[in-house]
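Next up: some structures, all given as structure tokens.
One chain, subunit A, appears in both complexes that follow, with subunit B as partner in the first and subunit C in the second.
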Partner chain A sequence: MLDIFVSIIVAGLTTGALYALATVGLSLVWGSMGMLNMAHAAMLTLGGYVAFTASTSLGLPIGLGFLAAIVAGAVAGGLLYVLIVSNLLRHDKSTFESNVMIATVGIGIALENAILLTYGGQPLKQPLSVSGALVIGPVTLPYQNILIVAVVLVLMAIVALLLGKTRMGRAIRATAQNRDAAQLLGVAVNRVYFQVLVLSGALAGVCGVMVSSMTQLSPPLGNDPMLKAFIMCVVAGLGNLPGAITAAFGLALLEAFVQFVAGARWGFPSLLFVVIAVLIWRPSGLFGRAQIRRM
Partner chain B sequence: MTKLSTGKGISGSAKLDAVIALVLIAAAVTLPFMVESRYILGQIVLALFYATIASQWNLLFGFSGIFSLAQMAIFAFGGYATAMICFYFGLNVWAALVPGAIAAMVFSLVVGLACLRLTGVYVALLTLAIAQAMYLLIVTDTECFVMVGSICRQFTGGAVGFARFGDLGMRTLLKGQWLVGNYAIIATLFTVTMIFTYVVVKSPIGLAFRALKDDPAYAIARGVNRFQAQLLVFGISAFFTGLAGGFYAAHFQAIGPGVLSMSQLMFIIAITVVGGLGSFWGPLVGTIVLVLADELMREAGEFRTLGLGIIIALSIVLMPKGLVGRIGDLVRFLRRRSPRSAMGPQENAALTAK
Partner chain C sequence: MSVAAKPPVLSLTNVVSGYKELQVLKGISFDVGAGEFVTVVGPNGHGKTTLLRTISGLVPLRGGAIRVNGQLVSAKPHAIAALGVAHVPQGDLLFPEMSVLENLLMGAYLAPNRAEIDRRLDEVFTLLPKLSERRHQIASSLSGGERRMVGIGRGLMMGGQILLIDEPSLGLAPLIIEQIYGVIAELSRSGRTILLVEENPARVADLADKLHLLDDGAIVWSGPPADLLARDELLATYLGG
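Let's turn to the complex of A and B:
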């Protein structure tokens, strides 16, 4: 009984950590720019595959493979800004929200398909993973799961420090709170957008490596975590980072529990049910604040 | 003054719309006599389905500003409902089409109720999640519901879907020419859908949809009932989408979870965006352009999806109002340039107001 309970907790915490990482990347971009990045899934997948290439074809050590994934994600985020977002920002502001969503959908499809054409559709094994497990009495903790939770915690701490302590973080938070006021006070809003997309891309790269080390590499790899991350963002209220992390762990534990009790196929629908219930009860998310609009 | 000029603008465009519609109907009637190839006619029927779905998504998003990503789910719901009614109750397809469409409408109303308190991207996320959940539940359905011969059949048809539940009756009626018969039926469906959509868009309800899209707060302050309007648009668009789903299942004599795939949804979005969001003819123009582009890219084989993704992204960056918007810009530009346009300021105002 205890071992079953522990394995549910371990599975829930590990997927929760992964979801949290995906959610923070999405939520950061939404919170500061009002942009829903539908290409996030493809950026995740890109990170996983770049790490694969770096450590198999190029034979680089594991640390460098990890770094390559981060760099690839960051570059993808930067390109997304330069090619798409900066152009869309020049159009009518009122249509930015839906336009950028449709455009990133297109980019996401193109990127996923480019990966499919380059690597083929067959699943590949992510070499950046550790085997073995820590055994404490009746409890077995795979090293891979421990590693994932540890890496995610470190990354969360780094993001929190970046946002809380640095000049760049202050600019990002100021833009998130009030874009126009930030711009008036001399914040280069466009540079903030660029930085946020690069940061979110880098997080997506790491997340891709982590997700693929738990499963396998395949072109639609990022879709499932992204869909779940969307749900967690919605539950927490888009743009709310601590809320997003809480929701990620909470919902992942719930999912693991439902999957154990009712079978794997009910995991996702049960999450959906929770989301709908939450949204009817609190339309701007559990931790979101209702906005008062002036006309 | 403003009222007068916009009134003139609408009546002027109504005349133009009528001319376009007559030309299109004439073209649609002559088409089966011009096209010999079965393949091409088959692709045209498929394109008509795309145009019908896209026109209803345009009604939902382009005119009413509700970013629903459940459009293919509603289409599939209509198709599945029709197929299942035929399959389990042995009804004729024609008798099952309207109940199927009504089932899709009820489903859409439930989705609409769930989305009612949300705006913008929250609607998109929730509807996307609902569509995904539907796909997953169908694909992972393995429990036997009935036994057909020695084969186990799941309630939802599972990953295989439904087949051989009847067709539109054209095979027995027209024998070898059945495809022309199906073409006529689907073309009629599309025409009826477009006419109804036109009436809705130009009616006071259509104006309410647009007012809610442009500024929800002002619209509500001026007495537009958001609850009613939003449910209405979810219901209307779902009826025709579901009906198209039923005809789709009957035309191909099969329906499976494939219609719920992301790429199908993207194709519909691409059609609407390329054609022009919120313009009446946009989805049709988008369908013609993208189906042609798709056929050309078939030569490029595996690069098809890649090309499609790039087309979506580029067209939203380069022409946010779509091809129809660009054509409109061009026409306005030419009229302003040509010496004939020495018309009164009133008419110029009417043109710019459009």
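Let's turn to the complex of A and C:
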């Protein structure tokens, strides 16, 4: 019984780590820019394929393949800002949120199809994965799962330090909380937006490698994590970073338990049920901002 | 106090601005000299806040020119802040999820080094000791008066050459307003250059060197505060008595 319980926990934590990674990128952009990046899924897929190409066609070592995915995601995020977002912001800001959503849907579709044309539709094996497992008594912990959780925890810590302790992080948080005030204090918000999209793209690149190492590479690779990340964001409250990470791990564990108890087909519906319940009872999310205002 | 010989820190020449089709400011011109305390008074909705937002770049300039120390300002608020313009906006515009200390430190975003940040922080805590007590409190949990203090403190942390203060008394209890104006008076005595907008000229009667009366986006009268307060017909016409 213990081995089954631990297996469920390990599966839940691994999935939760992947969801958290996808969610942080999405939530960071929404929280600081009010931008729902619908191309996030394609950026995630791009990271997975770039790592694949770097390791197979170019024969680079695993570490460099991983780095290539990060760079590709970051470049994609940077280009998204330079080519699309900055131009949309330059015009009518009141329609930015809807315009950027439509624009990124198009970019996501175009990028996914470009990957399809380049690599074909057949699933490919991600070479950046480790085999074997750590066996402790009746409990088996696959190294790949341990690696994913460890990498995600390290990345979360780096993002937390970046946002909490650095000048750039303070500027990102300030812009997210009050754009006008940040500008008045000397923060160049356009540069902040660029930095946020680069950071989010880099995280998407890593996430693409991680997800494909657990499944397989295919052009729609990023769609499922993106959908789940969106669910986590809604449950946590859009733009709430710590809440999103908590929701990612919590819901992934719930999904794993439901799949074990009721069958795999009930995993995703259970998440949808939680989203609907949250939208009914707490429309601003479980961790939605609670403000005390006194006059 | 004689201020005539001092060069203007801020100079507005025929400034025009507004929102979409609405033209709010219709050719504003005046100077603010170094160490001077200038107040713009006027009824609500006649362009006082727009004036400060135009100077700090939040509202685009449509015509005329704004100079800080003789240098023409660009349209970017962060670049204008870098010229030494510290804007304490209406409604404070604090960062609600940051602590008081983090809000203050954001004020020093452009500060050259840590020593300068510490020096400014000491200065702010000396002037506003309550902020030191509340330094770890989240901004959204502060009272209206405390928020206003943080807004002023954050403006001071910018170390700017001129402080733009937008209606510091708005929505506050009389006792708190008195405290806030006490702080502003102390800032003025220490030689700070201040441009303040206010609805009630009596509040700045003892503080301001010069007062401009703004009506429908244009300056209709300028002079010492005592002169305006002695002109009942002006007060009745423009400020409702």
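Miscellaneous remarks
Heads up, the rule we're going with is that the second predicted complex is superposed on the first by the 289 of 295 C-alpha atoms of A that agree within 3 Å, B and C clash if a C-alpha of one lies under 4 Å from a C-alpha of the other, contacts with A are read in each partner's own complex, and residues count from 1 in each chain.
The rule is simple: a contact is a pair of C-beta atoms (placed from the backbone, for glycine too) under 8 Å apart; a residue touches a chain by one contact, two chains touch by 3 or more.
As the structure is a prediction and not an experimental result, all values here were calculated from the model.
If you count the residues of subunit A touched by subunit B and by subunit C, you find the higher number for B.
Once the two complexes are laid over each other on the shared chain, residue contacts for A:203 go to neither subunit B nor subunit C. Contacts of A:171 after superposition: subunit C is touched, whereas subunit B is not reached. In the superposition on chain A, no contact is made by A:163 with either subunit B or subunit C. Of the two partner chains placed by the overlay, only subunit C lies in contact with A:187; subunit B stays clear of it.
In the superposed pair of complexes, A:256 makes contact with neither subunit B nor subunit C. Common to the subunit B-facing and subunit C-facing surfaces of subunit A are residues 293, 295. On subunit C, the positions that touch subunit A within their shared complex are 56-58, 76-78, 81-82, 87, 89, 93-98, 102, 105-107, 109-110, 140-144, 154, 158, 171.
Partner subunit B is touched in their complex by these residues of subunit A: 30, 36, 83-84, 87-88, 91-92, 95, 97-99, 101-111, 113-114, 117, 223, 227, 230-231, 233-234, 238, 264-265, 268-269, 272, 275-276, 279-280, 283, 293, 295. Partner subunit A is touched in their complex by these residues of subunit B: 61, 67, 114, 117-118, 120-122, 124-126, 128-130, 132-133, 136-137, 140, 217-218, 221, 262-263, 266, 269-270, 273, 302-303, 305-306, 308-314, 316-317, 320.
Looking at the complex, you find that subunit A touches subunit C at residues 167, 170-171, 173-174, 177-178, 180-189, 289, 291-295.
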